[in-house]
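Below is one structure, written out as structure tokens; comments come after it.
Labels run A, B, C and D following the written order; every chain starts at residue 1.
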Amino acid sequence: MSNSFGELFRITSFGESHGRCVGVVIDGCPAGLILTEEDIQKELDRRKPEPGAGQTSRAEEDRVEILSGVFQGHTTGAPICLLVWNKDTDQHYYEQIKLQPRPGHADYTAFIKYGGFNDYRGGGRFSGRITAGMVMAGAVAKKLLSLVNIEILACTVQIGSIKASPVEVEEIRKNVYQNPFRLADIGIIPDIADLIKKARREGDSLGGIIEILALNVPAGLGEPIFDGLEGQIARALLAIPAVKGVEFGSGFSAALKRGSENNDQFLIQDGIIKTRTNNAGGILGGISNGMPLVIRIAVKPTPSISLKQQTVDLSSGRNVEINIMGRHDICIVPRAVVVAESMVAVVLCDFALRSGILPGVIK
Amino acid sequence: MSNSFGELFRITSFGESHGRCVGVVIDGCPAGLILTEEDIQKELDRRKPEPGAGQTSRAEEDRVEILSGVFQGHTTGAPICLLVWNKDTDQHYYEQIKLQPRPGHADYTAFIKYGGFNDYRGGGRFSGRITAGMVMAGAVAKKLLSLVNIEILACTVQIGSIKASPVEVEEIRKNVYQNPFRLADIGIIPDIADLIKKARREGDSLGGIIEILALNVPAGLGEPIFDGLEGQIARALLAIPAVKGVEFGSGFSAALKRGSENNDQFLIQDGIIKTRTNNAGGILGGISNGMPLVIRIAVKPTPSISLKQQTVDLSSGRNVEINIMGRHDICIVPRAVVVAESMVAVVLCDFALRSGILPGVIK
Amino acid sequence: MSNSFGELFRITSFGESHGRCVGVVIDGCPAGLILTEEDIQKELDRRKPEPGAGQTSRAEEDRVEILSGVFQGHTTGAPICLLVWNKDTDQHYYEQIKLQPRPGHADYTAFIKYGGFNDYRGGGRFSGRITAGMVMAGAVAKKLLSLVNIEILACTVQIGSIKASPVEVEEIRKNVYQNPFRLADIGIIPDIADLIKKARREGDSLGGIIEILALNVPAGLGEPIFDGLEGQIARALLAIPAVKGVEFGSGFSAALKRGSENNDQFLIQDGIIKTRTNNAGGILGGISNGMPLVIRIAVKPTPSISLKQQTVDLSSGRNVEINIMGRHDICIVPRAVVVAESMVAVVLCDFALRSGILPGVIK
Amino acid sequence: MSNSFGELFRITSFGESHGRCVGVVIDGCPAGLILTEEDIQKELDRRKPEPGAGQTSRAEEDRVEILSGVFQGHTTGAPICLLVWNKDTDQHYYEQIKLQPRPGHADYTAFIKYGGFNDYRGGGRFSGRITAGMVMAGAVAKKLLSLVNIEILACTVQIGSIKASPVEVEEIRKNVYQNPFRLADIGIIPDIADLIKKARREGDSLGGIIEILALNVPAGLGEPIFDGLEGQIARALLAIPAVKGVEFGSGFSAALKRGSENNDQFLIQDGIIKTRTNNAGGILGGISNGMPLVIRIAVKPTPSISLKQQTVDLSSGRNVEINIMGRHDICIVPRAVVVAESMVAVVLCDFALRSGILPGVIK
């Protein structure tokens, strides 16, 4: 396993869905940052299941604890260990999946890779629950980035076939955490709500697309060719369970464009160099160009569904039919919004330290 | 800059478009592999511009030289330095771009990041030419993977709005390097040829999509959560200039699917566990599941176009109009096919070593 | 800070002397290892201060807790978080040292590096207490190595000017943890005890030398040139507070030898290739040669002494005299023995995984 | 193999003794550094064998070539590939050693690790010749460090039993490269010369000790706990063939000292905080304290000697006697002086970039 990410701002994730805790160690956080448990709790609360959004009823009352690296209200430069204890870990439903892997989950691949020793309860290490660690790390990263005015925003832009319309940045800031679907385009809330209700009724699940913006990223971040912004952001986002695609700027739709349309022509305005369009999503040659970063990720429909599915019993080697019990999110997309923000923040923090935009000590 | 990739099979890239050479050092290649310059040359030739495919007329007669790491026809376990000398580096056109960055290229971001010291000739370090290093490394990786029966295939599946139809694997093997467009679906060759001719006439360029398959990848490769297969493959592919999106299996179209459609149900057939569909693209939880890996990348239209474009003069701070001279590819997609194969091979080689599927010494 | 060590068996350390806890995350431990808290506690107990050995009276009743990565008695392949809670953290004495750095400690350098935000209580992150994390990680590493018959032994070979005589390996196994000085040569126990008593009476402290052996290391471990065995072992051991030198085999005394004396001539005995002498300490070219690894480290005298010392007040910028209060070890050497063993075990475990001697899953 | 070193200033070494070349790729060098081949050649010349110093008569007229990363006389931020072509590679003597490993060399361990595929000619990858790559990288590192006034000095302080007396820093600067023994204490030149002549006559070889100083290192460099200055410097120096021990400040002699002697008491002088003594060798807790770094390495006697030695024939499995032919250094110590300087420079450059003392672009 490889549970660390980052060079100068390095996070190391640990914990399982139904083990004792989920945690993260942040190594390389500058000293002198004012940091409280509330700073982190605030972000963690944004990951909570929301009533009405078709999400799991597991009462995840995650309370973060800072175990190290903070002294007298400031970070010390030492590694910061953040942890939430697992409670309400319903263990009844999970014996079956040890040997009858759920389609779309990592049960089978974990079984093979770890020789059957993997903690299979609730997906164990592969559960969406581990994203709590990502969010805790992201909370610190966001706070650091805010010192240099970098802001990360994200929202749901598609669930099933329903797509959001583009909105102003101000709408994103205002709306996303005011509705359970993490929509900035609040006009489609009723349609999305209906879609999710319908899927629930049918015992099925839904996927979608999340868009992430990073504002005020100065030109010059990124370490090509193998640590370009796109590469490391993609790697970070694809670590989120259920993400199956990443694109930047015009992304896959660039295939349809002519160079004359897709190229972002430069102009100078009030002494600042900008581009007229932003098909590059703020990144050229793996390096930020001063325009907003624009990133989209594809989130597959939650693999846990109530409908019967075919699988293989690993002990008997026979084809069997399974019925997944337990609590599941009908659509994981809204809960992944804050996670996606967090991982982008972690990447940018690392690059900001590498380029010297963030100092080693906050004064 | 960060020009190394991989943990146990680590490549380090160097060289520029109009410098003395382009090269790569491979560290961690097992000893005992039979390796000749021809093995590498064969792959390098697949990257050559093809007459009729709308590609640059720069006479890139790249001849690989093995500078280290091979002795008596076998790899020794020592780092392998592979190099092609640059010839025919037409230098006339490039003085202008130092201070008048071309839209869609990394001229501007490189200027900012490296304080104007970047080698701007032909894009310098950001040129597509550096992919020669990727292909040389990929040649070694492919040869290693072939020892454990893993095969990487890729083809153009879309240029502009013209999409290829799905074909059998055998068609990919047979057709791709027999046509300048790297199509497996040869029925659309005439349409693609016309499309490219038209774009050339209009001084414009085209983007497209490449699909990469990895066959016979055993279940169990990948090191989640941060070195999952998807994350590292995405990072590797996004290091290729012009790639702006990556997806796995059903990818972005998963957003439109229900869980019941997108989940790949398991079945056992002749004692082998498979899935009925392959929407996961062979990867669950960042780990291979034994099905073919299916990856698609979006390639943006070549930013070099003959049409006039707006940019900013960095010395005067004025908006100016430029006309890019020199030789360019109308559509870089076909030449990126072998590069994409190469980078996927490099990633899989690293994971194969990490999991012990490839040994430290080839006997 | 850089609190991770290792490539495939990677440990990440966190915690401070007077914070909430000291812990370590182990990433890359093979799945299937039987692991209990007792396995780790046993090693941790060897780090406890011993009555009569001139060691701190802080009642460190460290009880390890396994927070993740173990399920049903076996490691799962997921990161293992191990933790001891800090108790009995006597906080009275430490306000002074924030601004009046103790000679020989890291108080001053930490103050400079972290801008005064470092946790200075008891040395904070730079305290010997963080070696509890090393010992916990080492306990897992030793258990893994024992599966391939590799054994790590260490003992005190010098305190002050009193040197131990060479003994048989069996004496090391039998004696070291039966006396508070971690001596294998038990004949010098009375002299050492007297020496320590005298130093205590005088308010002073003592240094020494530890020798570490690794037995049954197969030929072929080590990844030259920059990850040779010597380099990574030295790096690991120099992370232990107070260690100021490392040597292998004949080490510094090699300077005095002729090549004809220092070269270890090969011979074959019962089909096994050995060397007649072991001046190389089992390592040639950074790679193990099948002979026992022989490593020695220099441990400086504990910097905390009762005698008055000169230092600088960082707020007033004046020279001042200080008197260090609190409990200190007169001689840290004996307590560092198990820590040194642990760090060597961690390095060898990493290399054993890299070379495939240890598998990814223990069956 | 692991042929890269460093995080932000990362060198990747390649080449063999009797292959085509020896080279190094430097990744992460700031853009804007004025760099010519002469800058590097000057350092490389210091590694040349010196007549009268008992060194190999191989006519190593190494001429460096800059293959990438420099444009218009400045570094560009792109990876810098530096290379010397091998000439005068006398191949006659080496067939024997493939199967009859020379005592004290890596022939045997390389054979085992690489399954007999290692390039055995002249030690191949394990030859002292690869230190040419270290020196080339060091030349760039030294030039960068000189911009922030950091200076690295080194000299031979012991050969066999003859020890140099301490001298002023000015003597080191003035003398070292004016005598073939790299002595700063020139009073012992005649004795050393005699000692070497005697050893040569007897077909034997000599070891010694090198001391390295780093001056003007600001307080605050180093990334504890695992990337402390001592750990990374030791790792870097132990990558030099024949180095078997490393110590800092009082090093192994600290074992003999009381805390009251070994502690460096602080004082303020002209507003600058210093220590009265420098037993810490300028490093506390892995972090520089503003005093000169003082490092010593033990260099074993050259394993190549003319005297007959016992070894094992790997094909027949029989004990045999060998006579090593070819040209060898009687004492490698003097030639290792510039190499040791270089590796310390590489480490400090990396830390200077990590701490922001060196910028990403030199203006």
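In the analysis below, a contact is a pair of C-beta atoms (placed from the backbone, for glycine too) under 8 Å apart; a residue touches a chain by one contact, two chains touch by 3 or more.
Remember, it's a predicted structure, so these values are computed and weren't measured experimentally.
Using the mean of the Cα atoms as each chain's centre, the chain most removed from chain A is D. Between A-C and B-C, more contacting C-beta pairs join the chains of A-C. The distance from the centre of chain C to the centre of chain D, each centre being the mean of the chain's C-alpha atoms, comes to 27 Å. One simple way to say how far apart two chains are is to compare their mean CA positions; for chain B and chain C this gives 46 Å. Taking each chain's centre as the mean of its C-alpha atoms, chain A lies 39 Å from chain C.
Residue positions of chain D touching 2 or more other chains, listed in rising order: 1-4, 13, 110, 113, 125, 360.
Across the interface of their complex, chain C is touched by residues 7-8, 354-356, 359-360 of chain B. On the chain B side of its complex with chain D, the touching residues are 1-4, 10, 12-16, 19-21, 23, 25, 27-28, 31-32, 67-69, 71, 74-81, 83, 110, 113-115, 117-119, 121, 124-125, 360-363. In the complex of the two chains, the chain A residues touching chain B come out as 1-5, 13, 101, 103-106, 108-110, 112-113, 125-126, 130, 158-161, 199, 204-209, 219-220, 222-228, 230-232, 234-236, 238-239, 241, 243-268, 271, 273, 275-276, 279-281, 283-290, 298-305, 307, 309-312, 317-319.
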